[in-house]
């Protein structure tokens, strides 16, 4: 069975209930999530082996995060303990014309203060098929970026297939480096990149260029610029999202693979129970789709889009759906009938 | 005043909150419901007399179920006590492209283990106008089917008008009999049947035939096959449901009465607060519509459709609306204005 | 900085949760609101000074209401204490085809039993730019109407700009007077009136006339009738609301100002989290828009409509949005993207 | 089977959760209760027939109150509908050294505005064994006092046994009469009175006298003064309560019957889940005890004390315990073992 | 590191909130527990390896139970899937003089219908130090008893140390056998038995004898009777519990080991947050105490008693405390100071 | 009217519900508190003017904290905005033998990164009677200590009476300084110090000495050592706390004033709803007691103890009681009777 290892931060998420604004909240719903952990959970839910690597503080919140990881059937055997605090983010859930709001409180977290040498990457990758990381990790601190580089080098050397989600968050990247100082080296080891083309160009230090995703013929030349840049790159994927309102999204996706462009049809997503983590759900679906020998490239991106759509119906960061459920939607059944 | 007696199972319903999946639930909302009980509540809410007959376990859950029956102004004077447990069902509430899920845990319930002779049907029907039962009861056990037969025979003999909802649940019918072994005899006493035509054919042991509800001219010949089969049959009704998503349904209805086809216009239902029990709401509305001397057949089916639509806005199995509220929607006012 | 004073009743609002009907409610969510208080909160949220004048009972509920006023940065220095009870209203939250329901329980409240002389209006208005009142206050009792008159007379004399929301509630006006006996004198001091034209005619004792808001050319002659009647009138505004369902509204607005008709485009509002107080949100937005020197008349009504739309996404009576958030929607961005 | 009819007000009770003070409450738990209703529920729980007579407003709250009455197996067939509002009371739940607080909001309720002729008392009492009323009803308004007198006169004439709880609330009695103007005539029909001796003297217009309940020999002469006053009086009972803190009470009771003083041993009650309604629980227990042919006078008062103690463990006004549970505690088993 | 394997049933526990009675509950708090699982969690919390063996239904509830097992760091690698349902129990939480109530609904569960051959015991025990089972498992069905026997035979043969908790539940044992038909053979493999002496005698078919735990000198001769009966027995332990009320317990313990009686001092436990599972907490503490090489026998029983006391402060079945926390209480510090 | 200014940090407090441990929590109750803010609220509740000075981050959490300050009638006009985050602390609520647990997450908060010059202290103190600070502020960072010194210097120069609570938290003081490096200079401006004698000695760099509070005669010589050290000192007070369990505390207090020792009797506090902030409640009560001209020194300390006791009955950090409520308990009435 394939095994996917992901590396990143898991945070305590504190969200207001029933669309309340922060100043109305007397309670926060507590869950745990983070981009790369969310991907690991998707993988485990689809029946593959998944392991999550991170650094947690040795306090009650760190240990609770660990339990949530185990609960979701994700391996935790290479998690390091240390540092002062667990990263936190506060989420105000929007509706209609009012978007959700995130207040990050993740500076100085156990993961942000991780240093090279903390993780035994050879041990981590010894039975791994895929290693996944995202652009959030090198965004939080120089040392986290260093550990990320350490990881991709070992993974690459050991023949592990590397997937990366660009995951650009402008509010991060506060430690004095810009993405273009850091990301190109990291991405040079990637076999798959997920992200918008303009983000990829920006992070890669390429000239700005606004892609027109409706005009499919225009896209290959843009995707090809990335292939020129990154020697190990095999596939690039992009999630297409059209935001009608906070409660109504349209989701599609593109996979550019071996010179061919595979495009998944746009699906309507309404209502939106929780859109946080839906990009990670796409990523998790894509990795599964690419690993699934019974799928072709079109099916891989279709699976990713369907997984992303279903995530919007689930509260919390993680995508609690089975491969069967994704395949049902992928096959066109969006009827939401009662299963009994 | 007309009095409607219904017979069936009332279960403890345990539903997850705020669209949570089962594995996220730390709480279950507890309500009580079941197809035939739901019909009785509708009737009581419309101002007619209603009585519910069932068997409850003599424990705290059975007695709590009894209190919920009384709270809703449904008579409970012929309820039997005995058996080991109250039937339970767990409900995970879906949204959008993710459907709701039901986990039944109703085997060996007090109602499933009821035996002939438990209920004094002559006493039950002495002041009854209508007797309603559904295909769920004969599906749970042979003895429950036997009691159902016992009931319809007495009702028929005493001149009570009999209505039946086919209510096919494939996961039930586990005791070695198929619907076609049991249902035809039971249905032979029915004056009104509610159900899809293909279900009716399947349960009646007729050759499979896929009705095209859009093509109304094609329907009478299909409905007529049921009239040929069941000597007491006077009317057949069908709820039309088009599931756009778990949060968006379209509801219509057909009443085939005396050779005439009455069709209620399709109404959009969005959002869906809770669709469980909406079929029972249609049934309750239809019985009321047929009993209401001021309504013609078209109005009866219009009332049933409007009642069904409103049910989708109400949490729990039972349809907590008044006849005035149904008539307001039936008259075309779907504006949902604030009443103050 | 401009300062807006509003005068009216603040009530304890007890609403059912998750669309439950009254007979299902085991809990009521408690918030505090009332038309004129809601306007004051909008003003404070937009960064202007706001003061609310009312009469509260000297018991725990009155003091809690006072704390909620202060929490929202609304001045409370001229609030009187006295009377027997805080007004209460119960709210059942509808969905889709089922509208919300309000049960008022506000008779004999501290505000309904206020008498002239209770408030020192000269003190209240000494640093006020705008005084706002609505037709709810004169509707609750003769003495409340008397105090309202007392207020507008002083405000007018002191050169305070007066805005009025007609706010007609048929269930109020139980003390023996009709709106046309009371409102014309009160409105004669108004500089701005917000309301439907037919309501304005009805309350003013004018002949009934049904306006056609789609036919804009027909409107000036109707608005002009009000200008004939009320000597101080400078502007009249109307909120346009089309109720598709309890969960889907369409909101527009008109400002008739100096002989010119400014019309804001209709916006879709779906889903509706809470529509109570959305008229007050329009009023608050309009006052802010008119006070904002950087806005022209078109922008003022656009701001009011956008504020009204956003209110529908917020639970409770009061509109918890900033001017930046309203301007974002006003500028056409209804995408509800996550801010992080 | 004996049947007990009670007459009084049922209110919506809105209580803060988890010992929160009013100014911390964002939710109120909604239940329904009132002294005489609470007694009726006790009676029904002990297996006797119970009927509650009251007047309810014809709105959603009135109808919900009616459902709660029916849920608890209390007959409601002689309830009148009319008036403007349901009485409400707000409850802040104390703990330890901080007592609970009640804010009454019951003026002008449907029950307070009841008038003679509303209830057909001959119909009410036709199959009644006992009629119970309390001093709260004549305290709310002259007309309620008049209806109370109407009731006791008919009950007395029809040979119904009359029990009364003095239930003195100083904050009521606001309509211009004092208890001594009203209560003596009403009490002259009573067969049983429950109350403190000083309250009984005060309400009866007798000279003040402070009883010493520890000195049992001193009590008969005091109780006898009441027998002198009230010709139909057969028994007087007193609940003894020593309040160590809001969370720790000591409960005993006295029954003076036929010249004999029966005293139940003091029981410790800690913790206190909810003490509201515990006096009504005593009353309900006493009526049951007196009706139970297998009990002697000592057992009757022991049952009343045990019922009162158990009430303190139950949230809400009503005493949800069976006779078996009371008898278990009455027999000395306070161990609170798990029943499984 | 020592590894403890436990075998038994894990159930969905549905408990009412805030001391509500069943008929007041609109929500049930959902947790997962069962005697032998509870022991495994204790062991894992104390830092040893723990594995739980059971049979779960292959539905959402079974899989959620599995996640809870993993969350608590208990190995689940030998769990079988099959059967129809997860056992359920309903819990009403008492207070003071009102005890808690359990309604079992565990008949026909996946565990009750387990059959020999389902579990590969050689695989299970290959790295086990201790095997723990309790008298609940052979009480639910003949086949469960058969599997229990299968397990102890393999464990014994493989040299695994066997501990047993008698755990007598009179409401179980419904399949036609009495404890004395089944338990002696099972207990003959036990190295440690936990239970009351009278229960041990009853289950062993010995003559009834009421032990006087206050009279310590009288106990050895009684314990010795068990040693005569069971050849592998090394130690017997008894939890002493004195129930002052549902909210106040007194807990002590005895360990009879190698002819010596070790008695732990009685500790007061008040208030009781949740007493379900406190016997399992004693058992878990005892196993840990016996495995801990730094403890003598007195310390082992002291640890068990302290663990049992702490369990009463924790909601749910499982004892979420660390060995450090138990040792702190064991050392006499019951002050409950804030740790910050 | 006297005005009390306090300076310190206000944090978001996230506490588990119903005694849940951190790993069981799916929700955190959100309130706002902090030692010096808590004192300010007490003062405002007793009817004096109170102002709180702090630094808040300019994000949604900072603004919500500001609203909570205003809600409680505490002035906020000199609060600075800036910095990155609001301090947070997580609270697990214990019971009985299990103490509560606090996980601090307050490093790098807006308050910890405040720098001298941020607050205009001359403006702050222009109408102040008392300035209160505590040892938590200089414990968080050097710059916070610097601002504290800045404040006491200005306060002293302007003749403001200075009170200080030693508030030693060993987990703070992480920036390289020990209390004895910082506190003596700060305390040299204090007129009143609240704290344990051993803490005072430790923070003052005096030789360790264990006071025996039972032996009152031994105390004056110890208190006098502080008077020798601190020239402005007029009074020293100590809260006496004996922790029977997390649910049962005993509280007393000492005031050493002008060479006289005033000792308040020990009061039992059980149950404990929430003990966090009870020391601040003592401090707030003491300041009020000292400012109240109608109290003598004994009454001042009695008031402080009663206020501290009542705080234990109130959820959250702040003491929501009136002076009347404190005086009732101070006068010996701990009965917790229902006020209605």
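Each chain carries a letter (A, B, C, D, E and F) given by its place in the written order, and its residues are counted from 1.
The criterion applied here is as follows: a contact is a pair of C-beta atoms (placed from the backbone, for glycine too) under 8 Å apart; a residue touches a chain by one contact, two chains touch by 3 or more.
By chain, UniProt protein names: A, B, C, D, E, F = PfkB domain protein.
From a predicted model like this one, the values you see are computed outputs, not experimental measurements.
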| item | value |
| --- | --- |
| Intersection of the contact lists for chain A and chain F | C, E |
| Same or different residue numbers at the chain D/chain E copy interface, by half rule | different |
| Superposition of chain C upon chain F: rotation angle, C-alpha, nearest 5 degrees | 180 |
| Centroid-based (C-alpha) most distant chain relative to chain D | A |
| Euclidean distance of C-alpha centroids - chain B vs chain F, Å | 63 |
| Distance between the centres, which are taken as Cα means, of chain E and chain B, whole angstrom | 45 |
| For chain C, residues contacting two or more additional chains | 18, 21, 23, 26, 67, 101, 271 |
| Category of the chain touch graph - line, ring, star, complete, other | other |
| Inter-chain touch pairs (all) | A-B, A-C, A-E, A-F, B-C, B-D, B-E, C-D, C-F, D-E, D-F, E-F |
| Footprint of chain E on chain A - complex, ascending | 67-68, 70-73 |
| Sites on chain C touched by chain D in the complex | 14, 21-23, 25-31, 59-61, 63-64, 67, 84-85, 88, 90, 92, 101, 103, 105, 107-108 |
| Parts of chain D lying in touch with chain F, wherever the complex brings them together | 18-21, 23-24, 94-102, 104, 169, 171, 243-248, 271, 275-276 |
| In the complex with chain C, residue positions of chain B that touch it | 17-18, 267, 269-273, 309-310, 312-316, 320-321, 325, 329, 334-340 |
